[in-house]
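Sharing a structure here in structure tokens format.
Going in written order, the chains are labelled A, B, C and D, and every chain counts its residues from 1.
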Amino acid sequence: MVGGSCLSETLTIVRDPVHGFIKLNKTEMAIVGSRPFQRLRYIRQLALTHLVYPGAEHSRFAHSLGVMNFATRIFDTLLEKNRDLLDWDQKRVEKNRQLLRLAALLHDVGHAPFSHASEELVGGKDHEPISSRIMGTKPICDLLDGFEKVGITAKDVVEFFSAESIDPDVAFLREIYSGEIDADKLDYLLRDSLYTGVHYGRFDFERLINSLILIADPNTGNNIVAVEFGGLHALEGLVLARYFMFTQVYFHKIRRAFDHHLVEFLKRYVVRYPKPISEYLEWDDNRVFALLQKHRKNDDNARRILERKPFKEAFTTDEHINDEQRTRFHWMLKEVQNEFKGVSMFCDTTEKSPHKFEEVGTYLMSKTTEKPTLVLRVSEIIRNLRKIEQYRIFVGESHRKKVHEFCTDFWLTQGKKSD
Amino acid sequence: MVGGSCLSETLTIVRDPVHGFIKLNKTEMAIVGSRPFQRLRYIRQLALTHLVYPGAEHSRFAHSLGVMNFATRIFDTLLEKNRDLLDWDQKRVEKNRQLLRLAALLHDVGHAPFSHASEELVGGKDHEPISSRIMGTKPICDLLDGFEKVGITAKDVVEFFSAESIDPDVAFLREIYSGEIDADKLDYLLRDSLYTGVHYGRFDFERLINSLILIADPNTGNNIVAVEFGGLHALEGLVLARYFMFTQVYFHKIRRAFDHHLVEFLKRYVVRYPKPISEYLEWDDNRVFALLQKHRKNDDNARRILERKPFKEAFTTDEHINDEQRTRFHWMLKEVQNEFKGVSMFCDTTEKSPHKFEEVGTYLMSKTTEKPTLVLRVSEIIRNLRKIEQYRIFVGESHRKKVHEFCTDFWLTQGKKSD
Amino acid sequence: MVGGSCLSETLTIVRDPVHGFIKLNKTEMAIVGSRPFQRLRYIRQLALTHLVYPGAEHSRFAHSLGVMNFATRIFDTLLEKNRDLLDWDQKRVEKNRQLLRLAALLHDVGHAPFSHASEELVGGKDHEPISSRIMGTKPICDLLDGFEKVGITAKDVVEFFSAESIDPDVAFLREIYSGEIDADKLDYLLRDSLYTGVHYGRFDFERLINSLILIADPNTGNNIVAVEFGGLHALEGLVLARYFMFTQVYFHKIRRAFDHHLVEFLKRYVVRYPKPISEYLEWDDNRVFALLQKHRKNDDNARRILERKPFKEAFTTDEHINDEQRTRFHWMLKEVQNEFKGVSMFCDTTEKSPHKFEEVGTYLMSKTTEKPTLVLRVSEIIRNLRKIEQYRIFVGESHRKKVHEFCTDFWLTQGKKSD
Amino acid sequence: MVGGSCLSETLTIVRDPVHGFIKLNKTEMAIVGSRPFQRLRYIRQLALTHLVYPGAEHSRFAHSLGVMNFATRIFDTLLEKNRDLLDWDQKRVEKNRQLLRLAALLHDVGHAPFSHASEELVGGKDHEPISSRIMGTKPICDLLDGFEKVGITAKDVVEFFSAESIDPDVAFLREIYSGEIDADKLDYLLRDSLYTGVHYGRFDFERLINSLILIADPNTGNNIVAVEFGGLHALEGLVLARYFMFTQVYFHKIRRAFDHHLVEFLKRYVVRYPKPISEYLEWDDNRVFALLQKHRKNDDNARRILERKPFKEAFTTDEHINDEQRTRFHWMLKEVQNEFKGVSMFCDTTEKSPHKFEEVGTYLMSKTTEKPTLVLRVSEIIRNLRKIEQYRIFVGESHRKKVHEFCTDFWLTQGKKSD
């Protein structure tokens, strides 16, 4: 173990199907044992996806351990390779390594029930501000203060996690668990692939981790994470894995239908999750399931979830809609709602960029010049990946056939007339 | 697909991390979609084992599909190899294959919440009589009647499953999903291994399945399932896998503690599950979790489960206790309870035979004589495996050290004085 | 087993790291046992690639069994799904299944030593005409005649393999082992990935196989193999796997250098392989290795191979050269040869289309219209994959640095002047 | 990387199907690139086993890298856990770590063609003395001297490897690559399993490595490697894996027959390998294969190997013969040789202890007393494993049936008469 921070400590070893073994020190274990972290055992990683892929019953708990583990591996790799850029003494190594591990471990602690599916009930944009608040609240903040011997306080972790830290040195550390090539993606792609039983999310993560290096940003001079030339195809593998997982698993039509039923149900019976942390933490999947159960007989969405009778896809566009198709779809949607007045249906929109390399400006080391080049300049595969944008219409089983015919006919003929 | 029963039907393909793909026909899918079967999604295969092995969050749902799939593979293998013993016409093949698939699919449908952990609240010996009752009750019985075209009624399935069928031909079929080398063990060992991330439960199942044959029982002349000589070591592999899974996972000390807390909690707040099937089916893990949550603040067992603070093991015997040790343990138990009056503790006993070959009389084909020999005569490894019998004392964290010292001292010195 | 052709026969089961088990009937085993087929054990699948990826020591032998196995799985899947298009009786099923298995098994039997690396010494375009000649020669032809009970003669196999068969029915069968989505690619990508230890060649082959269907060609009405819509991403996975294996393994710079040294050596000491089949079959890798050994001290190429001292890459273009770059490269090549007169160097060109869908016109079933659409119209990922075309200059270690500098300088400055 | 010896060096990363990645420093790479080490590419790990398990075409080359890698992992684990016993300064850590890596890397460099199969032609007991001589000979010794900066000379490596080093500190280091729980076994069991496609050799190596600790030998006080209690079942897994690999792969009947044919052939045409290292190193599998080829038409053993027509097993005892059976077998052997005078046959004997724990006295930490106990006292499974001792008679195909009948009859009836 590079940082060597744990030499004199007893390590707890946790088994994990993705990582084999994950080691934690005593204070980390105390955090894992705390109530807010244990709650993650009852927040499913992929919401109701197990209704499509039965194996996908895993929770945010093991994922959080996994992100911490991958983050550490990346950190150790960078440290081993970049002693020149990082002339940190042992103390600084230990502190930064521990900061990174804690932020990675706790990054999802604020997740709402069913992960992203019910995020809109949180009131904010996503779960990260809540994670941050939980870190600053008892019992977690007291436990974080337990790292004083390596010079860390709860305040440090919160600032690090919220990107409010002003330490320029460690700016790149945040990239490790929350950048464009990060421990979070590594873990969720491999984990979700394993549990769903699909192959799409697998890629050569060993090679990718081994290809990461630290460079000075050509513009700012700050340390940033880049990829050695030899890791190009492993990086392309990661991007494609993520792209395929979105189209095949995360945006699976049946999963989208259940997400809809779930959100509708929650909007009605929960409205929004409570603001106070202690009350917020009382909410987990089990509690929502109990609520669904309670309303199974009087609420259509609850029944559809528990009896696995989702609305059916009656129409879908391609995964990459163009402007003309977007216009045509909205026209069609109006027509179909008109035609089938009183029939309950909903329109679902999925959008996702396959990467943010443009925005982030990730670099690859050029083979010819041995200087950093933008990934997007080198990789045609990544450059050519188009944004996912797909529109669908869902409707109850009994009307599916008619709506499908109406839409298909409109799409292929009526719609074209406008051309 | 041998039986060929599905040629004209649309098959639904389900992804599974253990099997890759599992195919179901339309009527089977209707059963899977029914409320009683969907409930299995919320019965964890390994109760609270995820509190020890975080990955073990899987349910009885995928396991049930898996048993059906392995049962079918075994059936098809036997059929391909044993056309001589089984001169069944296509119709009979189809009927028996479908019967087997249905019994395998539904064998766990009656499981109580948290699988075996809460079985004692059911009132009977195990979950199988309830599975049988559910098969005979709406909506399942109506769906089973849907197999009339291959000559199957719900009554047939119930009789088959309950071993009340008088058809001598198919007696051996039950062995396939519920014998000593059966689809149930194959699936749970591989599945539990995968999800816990341990290796112990893995064995060469492909080889084992390929080694199964049908023979005429030397005593009764009935068809029974036996193992070809070449499959000996794969069979030993299965027995060892099961043995190791019991000692390492199923009887893990922390898991045992949680089982205890759970049962104590349920005994107090549920007492026993309702008898009427429709009410019984309202109980699943989610409901129990909600109940735990409700009592977290007023019930110690609930708190220990939700905050992951189980009683700790203060003493344990070896995995294979002998008579003298058993006596010594009970003496010690009395002494320790006396010494620590008022201190809450419990004694846990685990017992398991590594196999039932003695009882069942499973045969292997001898290499020299080419005749059936008892497995136990041939395999020294299996013959020498001793029964697991282990006694432990658990106590709250604060008393663990003292109780541990008292017990260890007694065990190593006092206890010996009786020799 | 669908075709059921083997019911009364003893099957031999062969272990394989990719397939688990591969089953062969008695006559197939006789072919496998014959001298020409046993020779494949000593023809390395990836020539001298083990000098780069040490694990890649596998031969054409297991690959041939694997192609037969995948071909059978595809056949059985198509048959199960397409009873409507293929109203073959049991006899016709058996015959066609066996024909396919034999052609797949023997498709590589004519390979020259070191597979493709030494193909140019064969005198023809590739190894297939020789495979065909071997099938028609003793002992193979006699063994093939052993399939008369299912209506097959050696002549049938040769005609089938050589695409000279006039049976319109079975035209599509050839696609199964030698088309654009075929058993050959499936096996070599998975096998080469496993043995090299890279991940690039892995893809969801189970899903892909399950997605194949038979359709009537919209133009000709003939049966052709197409892909169901749900298999689109699995197909993209295959194409990408192949693309990555070419860029990362098959066109690896060190491998290319060894290929060059090997061909140069063979051109000098073997000139060309003998025409008569019996003499041709005397050549395998062992014999070439012995020859290398013999000339280790007097031949530079032999020494470089046996002591692992290949020429080094002094310059390389991108993987996708454009017209301007091609021109510039040839100009540079002339200049560098001029500059380093007397220095031994060579230029290496690699070219590969990532697929032939344009040419072959492979179809995918459209989701909207449920009619066949060209794969290239649907898949942006495949459509955007550019042809690999890469030029490199290799030179001895001692001159590498100077040549590298000369080339890089030329490429980045001089060459640009022409712009 | 613990020892940190490589911080300033460029590491070469080699892909391996068992380990993923193996890293080597520059001087180690020079050794790997040397002619004696490159020769290991042409020494098959499992001799002619590929004639039974087609995938088993791997060589000693990757195995040697793998042993080095596992040895390093064990060393790093022990160092991390046992800072108390090993208060080595950084310099001493680096030196010992490098010594261990070199010995592990080179331990098989003296192997004869076809590994153990042709060892008897070497003239000594095994290949290790030759490995030792090669380390002390150019070019290896010069390369080893290249480690002077960490205080290592070729002499040190030779002494370390030959157990002639008098440094008491490092006595336990040799156990790491050549003890009863060592890097050699770990690698060959996993590698041979992977390449043959069997599962028997797989075990939980991660858990086992993590369970190793250093203790003071209760008798001598010297540092020795022991196993933590929690690693008991992983250790049993290793022992069983090895046991099964011997019975299923290494002692497979067809493999034994080919070993016999090979040794007979070599005894005749090679007699014995030359003593001088430079001449000895000229011999590899390729050279033997070329010799086999040359004599294919005039030598029966050569023909049988190249045409895969081994003698067939006509009789075999159980895997664990007892005294009475041994006597009976020898009596039978005489009788059968008498009866079938002039018929070529041979008797094959295999013997192997499943472990040497008795001899070596390996310790496990007791759970109750927390003191070292002998593994054999704790593990019933290991204690009960019996020595493999099996006798077989092999004969040409044409006489197999008659000899088989004669033997079986004798074994079951005649032989018994003596009882």
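To be clear about the criterion, contacts are C-beta pairs under 8 Å (C-beta built on N, C-alpha and C of every residue); 3 or more make two chains touch, one makes a residue touch a chain.
Since the structure is predicted, the reported quantities are computational estimates derived from the model, not experimental observations.
Shared contact partners of chain C and chain D, listed by label: A, B.
Residue contact pairs shared with C-D exceed half only for one pair among B-C, A-B or A-D, and that pair is A-B.
Chain A and chain D have CA centres that are 46 Å apart. Between chain A and chain B, the centres computed from C-alpha atoms are 35 Å apart. The mean-CA centres of chain A and chain C are about 39 angstrom from one another, to the nearest whole unit. Residue positions of chain A touching 2 or more other chains, listed in rising order: 20, 198, 207.
Residues of chain D that touch chain A in their complex: 1-2, 7-8, 13, 20-21, 80, 83, 206-207, 210.
Chain A contributes residues 14-18, 20, 33, 35, 38, 41-42, 50-51, 53-55, 57-59, 61-62, 65, 194-198, 282, 285-287, 289-290, 293, 306-309 to its touches with chain B in the complex. Every residue of chain A that touches chain C in the complex is listed here, in rising order: 198-200, 202-204, 207, 233, 236-237, 240, 244, 247-248, 316, 320, 367-369, 380-381, 384-386, 408, 411-412.
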